[in-house]
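Presented sequentially are two complexes of subunit A, the first with subunit B as partner and the second with subunit C.
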Partner chain A sequence: MTEARKKRITHGLMAAWSGSIIVFLYLPILCVVLASFSRQRYFRFPVPAFDTKWYDRAFSSLTVRDLVSTSLSIALLVALISVILAFFGALAFARFDWRGRRIYQRLVLLPIFFPQAVLGLALLIWFSSVGIIPDWRTAVIAHLVWIVPIVTLVISIQAYSFDPALEEAAFDLGATRWQTLKEVTLPVLWPGVVSGGLFAFLLSWGNFPLSLFTTGADQTVPEWLYAKMVSGYTPLVPTLGALTTSGAALVLILGYGSWMLLRRRKSQRASP
Partner chain B sequence: MADPILRLSQLSKRFGQFAAVKDIDLAIDEGEFFTIVGPSGSGKTTLIRMLAGLEEPSGGEILLRGQRINETPANRRPTCMVFQSLALFPHRSVGQNIEFPLKMRGVPPMQRRERADELLRLLRLPEDYYGKQVSQCSGGERQRIALARALAFDPEILFFDEPLSAIDFRLRKTLEKELKDLHRETGKTFIYITHSLEEAMVMSDRIGIMRAGELVQVGAPDEIYSRPANRFVSEFMGEVNVLEVKPNGAGLHCPALGATLQGPGGQGGPGDQGDFAGGYLVIRPEYLRFLGPGETAENQIEGVLYNEYALGSRIQYQVRVGEAVFLVEKLREQRYEGQLDDRVVIGWEARDSVLAPE
Partner chain C sequence: MTAATESTLSDSTRPAPRPQRRLRNPGLLAALPVLIFLALAFAAPLLAVLGYSFMPEGTFDFTFPPTIENYHTVFSGSYYISFVKSLGLALVTVALLMVICWPIAYGMAKIFGRWANLMTLAIVIPLFVSENIRLFGWVLFLIKGGVLLGSLQTWLGIEAESILYDVPAIVLGLVYVYLPFTLFPMVLGISMVSREVTEAAFDMGASRWQVFREVELPLAMPGILIGGLLTFILSLGSLAESKILGGQAVIMIADEIETAFTFGQNWPLGSALSVLLILFSGTLVITLLNWVDLDRILGRGRDD
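So, the complex of A and B:
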């Protein structure tokens, strides 16, 4: 066998391998999308005939509106609170040296690895023992327990590469503490804050196990999807599934797109 | 003489049990270029950080024009520091970096821009650099931007925390001179720290040598060069020949050579060593010379030429005398013509050597 041919085969195998991984990752989602366009009332694959009527139903349904607004409220609130907490947490990790910092760092990150069902159950028990009736607001707290550590991790990666002399220089050049935070620390850590916020929003938006235990009478989109799969299936399930997934994708694309746009505008302004 | 702009009295800093700076007394005059030189860990960075207000002293006083400023935070001191990393704000353009102190002070944009353009000119940066990203500038340009930003603050004293240490040799030599020119142009007081005595020599009016938290010697570059207070200072200056000696009546006895040498002498001529009770005799390599047949010097030693090193305009020779190693330096035009392993006689005049008591 010639060298060139060996190389071609290797390349072919590698392409096939990468391709099959992509298919493995995305095919299930694609199936849901296809099913959502089905004319049938029952979940069948392959789809015999296509229709968009379930989308019309979804958009006019009050249930769907309630579900989406609950999920959205939780996700937005979680993103906001977790970014604020994680920002200062990350600064404390990366920028200050204090006793017990390393052990604290590990303890704070640990909830990421708890089985979420156990975490949800634990929180539910805790809520009822202190007499809180669970609703979507308790779900916000539950999501935060799991998401704040993740966002802290994301922002601290940015904070670790932050030169502490930048803050000192700002301070030395006459800035107050507040001006230093506003004019230097926050703008420099901004990329980390934005991606941390996106992480928080998307993880909360798609979370099922924590919501299941802690939303009480309220229901999020993933909860509803699961409940309807278990009993009372309606063709709205794949439709709403496809919609939430594209919603998440849209958030990502918008976030990334506006970031790229901002950067391009900045470099254009820099070199006229 | 006018009052000093900055006076340190018994200034000290401890971190737990460790004393980083020990009871330093120093007065720095208005308009002076003062450099503190010391190896890493000598406390020089801690010292300058205390002066800038980024570290609080554990004891003693810092007086700016007679006013105690120990507790004044950095943002309310009329001083400004150029950091080792330069600390340019990566999210701001060159112009916005320079304008930063003015913006913090609430100067309106038009005036800020005017001043920034002025400073770009002063530091010989192209005017269209105003909108350029800092990340697109070269190392030398960044130095100038950091300087411009510090000057925009219009400080009474400018501090420098080894800003040239990460720059390659050739550019560093240029920037050292530029900095000295800028010192003349602005007339401001510059306090600079570095680990390179050579760098300090180029720029400074006075130099303070620091070791283990203490100032070992303070003086003009010439003074430090020709009269190092001790072996540490003399070795800091670069490669020198150091011989342990003890006065013995006839001169200085050197056990390593088994010979009696003539030292620079006290008031009473060559035989008299003043109150020198033993220590080191220091001879710079350029003061040593090879003695041809019939030539003599006040101190002469016979050895073997072991190796030679070309150092640009000069050539350095290693001569071994028993266990002792001597370095001899000659200009390229006056190079020694001979072979390695030649037996050679080297010599120096007594007045060209220096005594260091410790």
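So, the complex of A and C:
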């Protein structure tokens, strides 16, 4: 067998393996979608009869409306706050050379390398020690502990490719610190900021272990789904599961789409 | 004209130096918001846990004289069983994921070219679907009469037992959930292996296996270790996989901690268990992070 042929076969095998892993990743999500269209109360395969009645029920349910609005409020706040904190955090991580940077980089990563359920419980007893009664706002704080470091990493990767000479040039041309930040640094890091915000929103939207212990009397969609999976199963579980999944996909597609549109418009403006 | 007058002259023609144009330590200033936030919402809660772990059983504030009875309870009880089981499951998960991910990571870093971006997207998207929805999907797939067994029975006439609610199902869940956490750092690691180095090794007569063992593996090691450790720590402290897919087959250590805090209403005991778990995983994490060069992995040392 020739070298080239051997190589082709190996590459083909690798591609096939990668493809089957992607199928593996989507398989359970497809099962949830399938179950959400089943008419029966309990899922059976092959599905005897399809129906969309559980969707009608989900859309008219007040509980579902409450759950979605709680999850949405948390995710939006988390995205907003984490992007602001992480923007500066990433400058300190990747852009500036300063004495404490090495330690700082490692400190910031610690919350990512931490079991989330334990973090949620630690926050719960911390809140109660200082006399804060948990509700959805404390869940925002809990999500931020885990998500700010992730967004910092995402923006940092962008910031590594940032040429400090750009900022220096702006300074030398007489720009103030604030002008430099707004006119030079932010536009350069903008892709990282957008994807960081998107990450933050989606990770918060789907988070379960942190919410479980920190939302108090309020409930997010993943928490409700878990409670119903464990006891008191209703066919609304796959339905709401499929709905939140398509919600996340929609946000992702809209975010990506508007980003591409923006970039195209910008490049058109740059080269008329 | 003397040198002194010359310098005063030229100074007056220049714009006056603007004071404080460059801050003394912009890095620290930029880091401050994140650091303050993490001090209040990450370090402080951990200190609270540490404090509670020394309080008498069943208390809910810090006003009692410290005691080590909780640690005594932990070490004399059967908690080590949960710990060892969680440890075993985490190790199996990491080992399986290393083998599963290597060909994919290698392909994404070196071979697939433009397709690698698309693959990244395809692997990231499921991460945004809540973990327990995806695990529930596995229940639907594996349960008796579900997608797998239902189709086996209907189309092939095979009756089989479900693997659900036992150890293999938990391992499946862990491998499934943490695959991207192993994969992406591994891709970063492998992209640090430069093509020239492997080609040089081949030119000098190394076999494929030798190149893998002596060149690619050591050079990609930082990324591999970061991914492996991340997966290990997260599986060690996982909760949902064993609860949703495992029934009561295995009580994970995170399960014990949760029970102590919630049903047991014994915060000091839960805290003592948490402290031990945190000490164990924290030592590993800090050792590893100290060893790797983050700047190189994340941005500055990227090849091709």
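The rule is short, and it goes like this: the second predicted complex is superposed on the first by the 250 of 272 C-alpha atoms of A that agree within 3 Å, B and C clash if a C-alpha of one lies under 4 Å from a C-alpha of the other, contacts with A are read in each partner's own complex, and residues count from 1 in each chain.
Please note the rule applied: a residue touches a chain if its C-beta (ideal position, glycine included) is under 8 Å from a C-beta of that chain, and two chains touch if they have at least 3 such contacts.
Keep in mind the model is a prediction, meaning the values are calculated, not measured.
*Asks:* May I ask you to decide whether A:V184 touches subunit B, subunit C, both, or neither, giving the answer as first, second, both or neither?
*Replies:* first
*Asks:* Tell me which partner A:L34 touches in the superposition: subunit B (first), subunit C (second), both or neither.
*Replies:* Only subunit C; A:L34 stays clear of subunit B.
*Asks:* According to the stated criteria, A:V194 is in contact with first (subunit B), second (subunit C), both, or neither; which is it?
*Replies:* After superposition on chain A, A:V194 lies in contact with neither partner.
*Asks:* Tell me the contact category for A:V68 with respect to subunit B and subunit C: first, second, both or neither.
*Replies:* In the superposed model, A:V68 contacts neither subunit B nor subunit C.
*Asks:* Touch test for A:W17: subunit B only (first), subunit C only (second), both, or neither?
*Replies:* Second partner only, subunit C.
*Asks:* For A:L153, select first, second, both or neither according to whether it touches subunit B, subunit C, the two together, or no partner.
*Replies:* After superposing on A, A:L153 lies in contact with subunit C but is clear of subunit B.
*Asks:* Pick one for A:L25: touches subunit B only (first), subunit C only (second), both, or neither.
*Replies:* In the superposition, A:L25 contacts subunit C only.
*Asks:* Classify the contacts of A:F171 with the two partner chains as first (subunit B alone), second (subunit C alone), both, or neither.
*Replies:* A:F171 sits against subunit B and subunit C alike.
*Asks:* Looking at subunit A, does subunit C or subunit B touch more of its residues?
*Replies:* When the residues of subunit A touched by each partner are counted, C comes out ahead.
*Asks:* Kindly list the residues of subunit A that each of subunit B and subunit C touches, one partner per complex.
*Replies:* Comparing the two interfaces on subunit A, one with subunit B and one with subunit C, the shared residues are 171.
*Asks:* Can you name the residues of subunit C that touch subunit A in the complex?
*Replies:* The contact residues of subunit C facing subunit A are 21-23, 25-28, 30-35, 37-38, 41-42, 44-46, 48-49, 52, 60-62, 100, 103-104, 106-108, 111-112, 119, 122-123, 125-141, 143, 145-147, 150-151, 154, 176, 179, 229-230, 233-234, 236-240, 243-244, 254, 257-258, 261, 267, 270-271, 274, 277-278, 281-282, 285-286, 289-290, 294-295, 298-300.
*Asks:* Spell out the part of subunit A that touches subunit B in their complex, as residue ranges.
*Replies:* Spelled out, the residues of subunit A in touch with subunit B are 163, 165-166, 168-176, 179, 183-184, 187-188, 190, 266-267, 269-272.
*Asks:* Using the touch definition from the top, list the residues of subunit A that touch subunit C in their complex.
*Replies:* Touching subunit C from subunit A are residues 11, 13-15, 17-18, 21-22, 24-32, 34-35, 43-46, 84-86, 88-89, 91-101, 104-119, 121-126, 128-129, 141-142, 144-145, 148, 152-153, 156-157, 159-161, 171, 177, 202-203, 205-209, 213, 221-222, 225-226, 229-230, 237-238, 241, 244-245, 248-249, 252.
*Asks:* Would you pull the subunit B residues touching subunit A in the complex into a rising list?
*Replies:* 52-54, 73-76, 79-81, 83-85, 87, 89-91, 93, 100-101, 103-105, 128, 131-133, 136, 149-150, 153
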